[in-house]
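Structures follow.
Presented sequentially are two complexes of subunit A, the first with subunit B as partner and the second with subunit C.
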Partner chain A sequence: MTHRQKLAGSLVLLTSVQILILFAGFFAPYNFAVQDRQRPFAPPTTLHFMDLRGNVHIRPFVYDLEDSGKSILVSQSDSEHCYPILFFVRGMPYKIAGVFTSEVHLFGVEAPGHIFLMGSDAYGRDQFSRFLFGGQISMLAGLIAAILSLSIGIIVGGIAGYYGGWVDELLMRGGELFLALPWLYLLFAVRAALPLHISQWEVFLLLVSVMGLIGWARPARLIRGVVLSARHRNFVVAARGFGASDLYLLRRHVLPETYGVLLTQMTLLIPQYVLAEVTLTFLGLGVGEPLPSWGSLLSSLQQYYVVSSYWWMFLPALLLIPLFLVFYTAADALQELHKSVTL
Partner chain B sequence: MKPGLKSEANRIEPLLRVTGLSKQYVQRRTFSRKELTVNAFQDVDLALFRGKTLALVGESGAGKSSLARCIALLERPTSGKIELDGEDLLTLDRKALFPMRRRIQMIFQDPASALNPGLSACEIIAEPLAIQREGTKLQRRARALQLMEQVGLDAKCERRLPFEFSGGQRQRLAIARALALRPSVLILDEALSKLDALNQALILELLAELQVSHSLAYLHISHDLRLVSQFADEVAVMYEGRIVERKKTDDLFASPEHSYTKELLATVHSVESILLERSA
Partner chain C sequence: MVADGVPGHAGGRLVVALRSEPKTLNPVLAVDEPSRDVIRCLTADLIHINRGSLKTEPSLAKSWTVSRDGRQYTLHLRRGLRFSDGEAFNADDVIFSFQVYLDEKINSSQRDLLVVGGKPIVVVKLDAYTVRFELAQPYAAAERLFDGVAILPRHLVESSYQSGSFSQSWSLSVPPNQFAGLGPFRLKEYIPGQRVVLERNPYYWKADTAGNQLPYLNEIVFLFVASEDAQVIRFQSGDTDVLSRFSAENFAVLQKQQSEKGYRLDDLGPGLEYNFLFFNLNDLSPKGLPEIAKKQAWFQDLRFRQAVSTAIDRDGIVRLVYSGRATPIWDQVTPGNKLWLDDKIPRPVRSLEHARQLLQSAGFSWKSSTLVDPHGEPVEFSILTSSSNAQRMKMATIIQDDLSQLGMTVQVVPLEFHAMVDRLQNSYNYEAAVMGLVSGDADPTSEMNVWLSSGETHLWHPNQDKPATQWESEMDQLMQEQLVTLDYAKRKRIYDRVQEIVAEDLPVICLVSPDILVGAANRMRNFRPAILVPYTLWNVEQLYIQ
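Entry: the complex of A and B
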């Protein structure tokens, strides 16, 4: 497989994941906050094609759940009552990108029936819906933090590499200070310094800005290296000979050289920051209930009885592994492609 | 100064006069107070005349390229004077130097590295005009197309990127860019050494034409004495950072004085005799 194919493949996968997340309201059968206290920790719903009498249905259907007596819900597979899966059903209203309101869902089952593709949590909320909605906050946090880091990185790295000398020394030693910072404790300290009750958006902004502000040093170093070698290229020297200003040289000739590194760093930083968000929310520093994020989905795993009895609570974590692998594949392919272009 | 030169200098004022130019590179090592100084070139005196070519020859490491970059105002020499029409360029500040830059242009050895690989031919040629804020975007493009024709490139190729051109065409592109600002001095830093024999001859021909039509003064730097002597009016020989001999081309071939010049001429002759023997 060539790097180009690898890149195309991973980009298609990533785009489809982004679409799933962006239109979570449509793809998710339920709202992320709706509880069903009768059905806590329901296992993932199995889809059936054959009923008790041996009739095969083309349209899959589900049975409802009942208490097995051991406080674990099981599928009522001996029941006559089955609920076929319907497509483009009307359900709870939702908003897409915070603007368009709609109530059409991709799939669902009729009222007393339930469909929990990834099981339900302690409050009977659909894990699948929460996973899709949770992606909105986690991916947004990763994206904004990565953009923040790279913006600082390109400014600091560009200045350090272009001007060199004591400016370079000062900025790079400053960057090393940031690399040496125990950022997890810093985040705890910053959170502790703020009032106990702050709004979800403030928490989100705090999380994103601390992650983004801490991570600039590594990309800045890489960009500095590229700028350092680019500013001695003959075409940059030639443009200076025509009387070009530093700003012109940076904008027109030097910074375009860093775009390959920037793109690669972007694909590396996003999963890194999503994972950081997951970790921080797991520790209680992220956005709280009822808003889902991938970190808060996993935070129920802090309880031993959840870990030991309800295996489906691990599903969000398992799904994140292939997602991150796709990100890293994309970064790898980008890097290889960039290398083959410059050589 | 050599007597033969003095008479010419009296006749016409030189366009560009370099006097006592020196460049020192200072390297400081970390954890050490010792400073390592390297003299790139010392006490260089040169004079360039309108429509004339001065060839500068010397072995690699003699300081030719550093000298070229200093005269092209790409680096600052340590001491000395660079006078253009009697005005010392090194005393000017950045702002005053800005309009003077258009008068001295340089052609680099490797055209591939001297052209931004991401810009089209038209953008590359129009760049000096854009930097010097000359004309509108449309006027600059028209001028770029005109220049492309002038150096023997098809104006239809304006959208092509540098890698889509051959080595010789790339050097033509670089020459078109250098001509955009209508300079009076063109410094050719080993501008032919990366080309094959045919392209060398073609570019040399183009340069000779342009010299006449634009009355350009050339400083042609090369390690190849045979190549530059073809159309140089004067040859300066550089050895270990100093100009050791400066003479009219014919005089140099007839009566070399410095031992290094003699050595250089001997190698040219021996190469020629080998070639002659082979063809015979």
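Entry: the complex of A and C
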């Protein structure tokens, strides 16, 4: 497979995941906060095509869950009641992009049936819905933090590389200071100092900005390197000879050289910050209940009884592995492409 | 003294895990649970509460008489007893011990219990084996006071007490020959970060029904295993013999392998722990917290608290947090405390409809499903919980969801335990909190600190100079009255009224009482877990290994 194909493939995959997450309300059968207190830790619902009498149904259906009396729910398959899966059903209202309200869901079953594709959590909330909604917070965190890091990186790296000398020394040594910061402990300290009244979104934005602000040093170094070499290129020297201003040179000739690096960095940084968000939430620093994020979906795995009894609680983690792989494949392909273009 | 229970045979060792390293072996200063667990095996008290029957029984005192006015207790000590280093025990040790416990400079946490009616108990030696305790006023639970007051060996610690270094003596690193007690075991070795080992006390004074000297076990090893999950895994793999203080979820995990792994599990039913939600009702004017003070207008309205209580799904908490191994409660006395439970307290069913009516009658209204107060302010507040307690975090999350159905916006704020206590007791910078208390004894006297308005653990408004509300002043009177009433039936009526006030005026909104869950290796015999601390090792001298 060529790099171009790899890139195209991973971009298609990433886009579809983004669409799933962006329209989580439509693709998820339930609201992320709705608790079903009769069904904590329900295993993933099995889809059936054949009922007990041996009749084959074209439309898949589910049976309801029954309490096995051992605090683990089992699928009730001797039941006469089966609930066919319906498409474009009306359910709980949700908002698209925070503006339009809708209540049409891609799929669902009629009450009192339930469909938990990835099982339910300790409060009987649908894991699949929480995974999709959780992606909104996690991906947004990754995106904002990455953009923040890169913007600071490009300004600082650009200035340091272009002007050189003591400005370069000062900015790069400052950057090293940031690299050496134990950011996890810094975040712990920031979180502990926050007042109680701060809302979940404020906590989220704060964490994201701190992550982004601390992470600028690495991209700044890379950009400085590119700018440094671009500055001495013949066409840049020639343009300067014709009297071009610094700003014009930076905009027209130097910064375009860094676009390849920027793009690769972006695809690398986003999953890195998504992972950082996962880590922080896992440690209890992220957005609080009932808002889901990928980190909060994983945090229940800290408990022995979850790990030993409910295998489906691992599903979010298993889904994240291929997702990150796609991100890195895209970054890799981008870098290779960029290399072949500049060479 | 002869202990009941099946006669066993001597030998063997018992391995138990502690959540952390004990801070001290000094019974006068120990406050943390691990320290107390170890010290209980090393020492003895004059009169003991039998954890099985929850009644008092003779211990170092073989009998006692009470004067007619209920103010003088004359205790007759057992003769011929020896400390674990072989030195004889007599009334001088008792007099000395109480002198230390009552010394204000030593600042023992048990001192408060030994101050009755504002005056410390006076201890008088009548002869070498008779001691008289004089109380300033009649005191209903006087016999129970002696439980857990470990008698010290005067010959070992008097010099350090005289020289003022008592607070530093008997740390964990004390040489075993410098430590002695009257308990079934004595100190053998301490390896920092790993374990404390106790060996059988050859001078122990109890015997079994067949006349064999107790204890049966040769050794007890206390391992330090930091987390509950790690303790559960160690127990499951057979590294430890006894397990207590673990969650219902882990109970279910252990249950699956119960038969093949050679241990048994016991659900003793509700214990003495009660969990509750409460609001900040402190007087905040000197603290200057205008944001919270504004919200107190809601919290102080009884109808608001009633609405919250009515909206909370206690059955849901029992099911989701404790997998069914808990009981919903509406006041502070749990169904486990059969002597004091008032079973006439109403148990209203959950009703969002009724909660909405209550809020409406208090002037609240709804603006597009958001609850707003009479001034149009949306009802928003935060609930503190301790981040180390997974159960209470879950409870708070369930309450958050229940109250959101009333249109309230609730944030759950998990804080490190000490940071939370600092807010509750010092800065008063909080709005609501989910907490739990475990009564140290079944008797209401152990709850004085919680229900007296001047009490430190009067959580919603501690350390009041004079009661802030009419019902708090009634509660003060009742608690003082039960303290000096000697007749059980009368006391029960008084304490029933206290429970009624808690259920009606809702200073705390009681939620659930979890079951006491314990586990023990099958080869352990005479294992009789109880709902009172310590749940498992209270009859450690009778435990033997098959």
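Rule of thumb we're sticking to: the second predicted complex is superposed on the first by the 341 of 343 C-alpha atoms of A that agree within 3 Å, B and C clash if a C-alpha of one lies under 4 Å from a C-alpha of the other, contacts with A are read in each partner's own complex, and residues count from 1 in each chain.
The rule we apply is simple: a residue touches a chain if its C-beta (ideal position, glycine included) is under 8 Å from a C-beta of that chain, and two chains touch if they have at least 3 such contacts.
All values derive from a computational prediction rather than experimental measurement.
After superposition onto subunit A, the modelled positions of subunit B and subunit C are compatible, with room for both. Using the contact criterion defined above for the overlaid structures, shared-chain residue A:309 touches subunit C, although it does not reach subunit B.
By the document's definition of touching, of the two partners only subunit C reaches A:40; subunit B does not. By the touch criterion defined above, A:55 lies against neither subunit B nor subunit C after alignment on the C-alpha atoms of chain A. Taking Cα centres throughout, subunit A sits at the apex of an angle toward subunit B and subunit C that amounts to 140 degrees, reported as a multiple of 10.
Comparing subunit B with subunit C, more residues of subunit A are touched by C. Of the two partner chains placed by the overlay, only subunit B lies in contact with A:238; subunit C stays clear of it.
When the shared chain is aligned, subunit B comes close enough to touch A:248, but subunit C does not. Shared-chain residue A:256: touches subunit B; no touch with subunit C.
Think of it this way: put the two complexes on top of each other by chain A, and the tightest Cα contact between subunit B and subunit C is 50 Å. Residues 69, 72-74, 97-98, 101-102, 105-106, 108, 110, 113-116, 118, 127-128, 131-132, 177, 181 of subunit B are the ones that touch subunit A when the two sit in their complex. Residue ranges on subunit C touching subunit A, taken from their complex, read 229, 232-233, 247, 249-250, 252-253, 291, 313, 316, 319-320, 323-324, 382, 384, 387, 390, 394, 397-398, 400-401, 404, 411-414, 419, 429-431.
Within the complex, the subunit A residues that touch subunit C are 33, 35, 37-38, 40, 70-71, 122-124, 192, 196-197, 199-200, 284, 288-290, 303-306, 308-309. Subunit A contributes residues 233-235, 237-244, 248, 252-253, 256 to its touches with subunit B in the complex.
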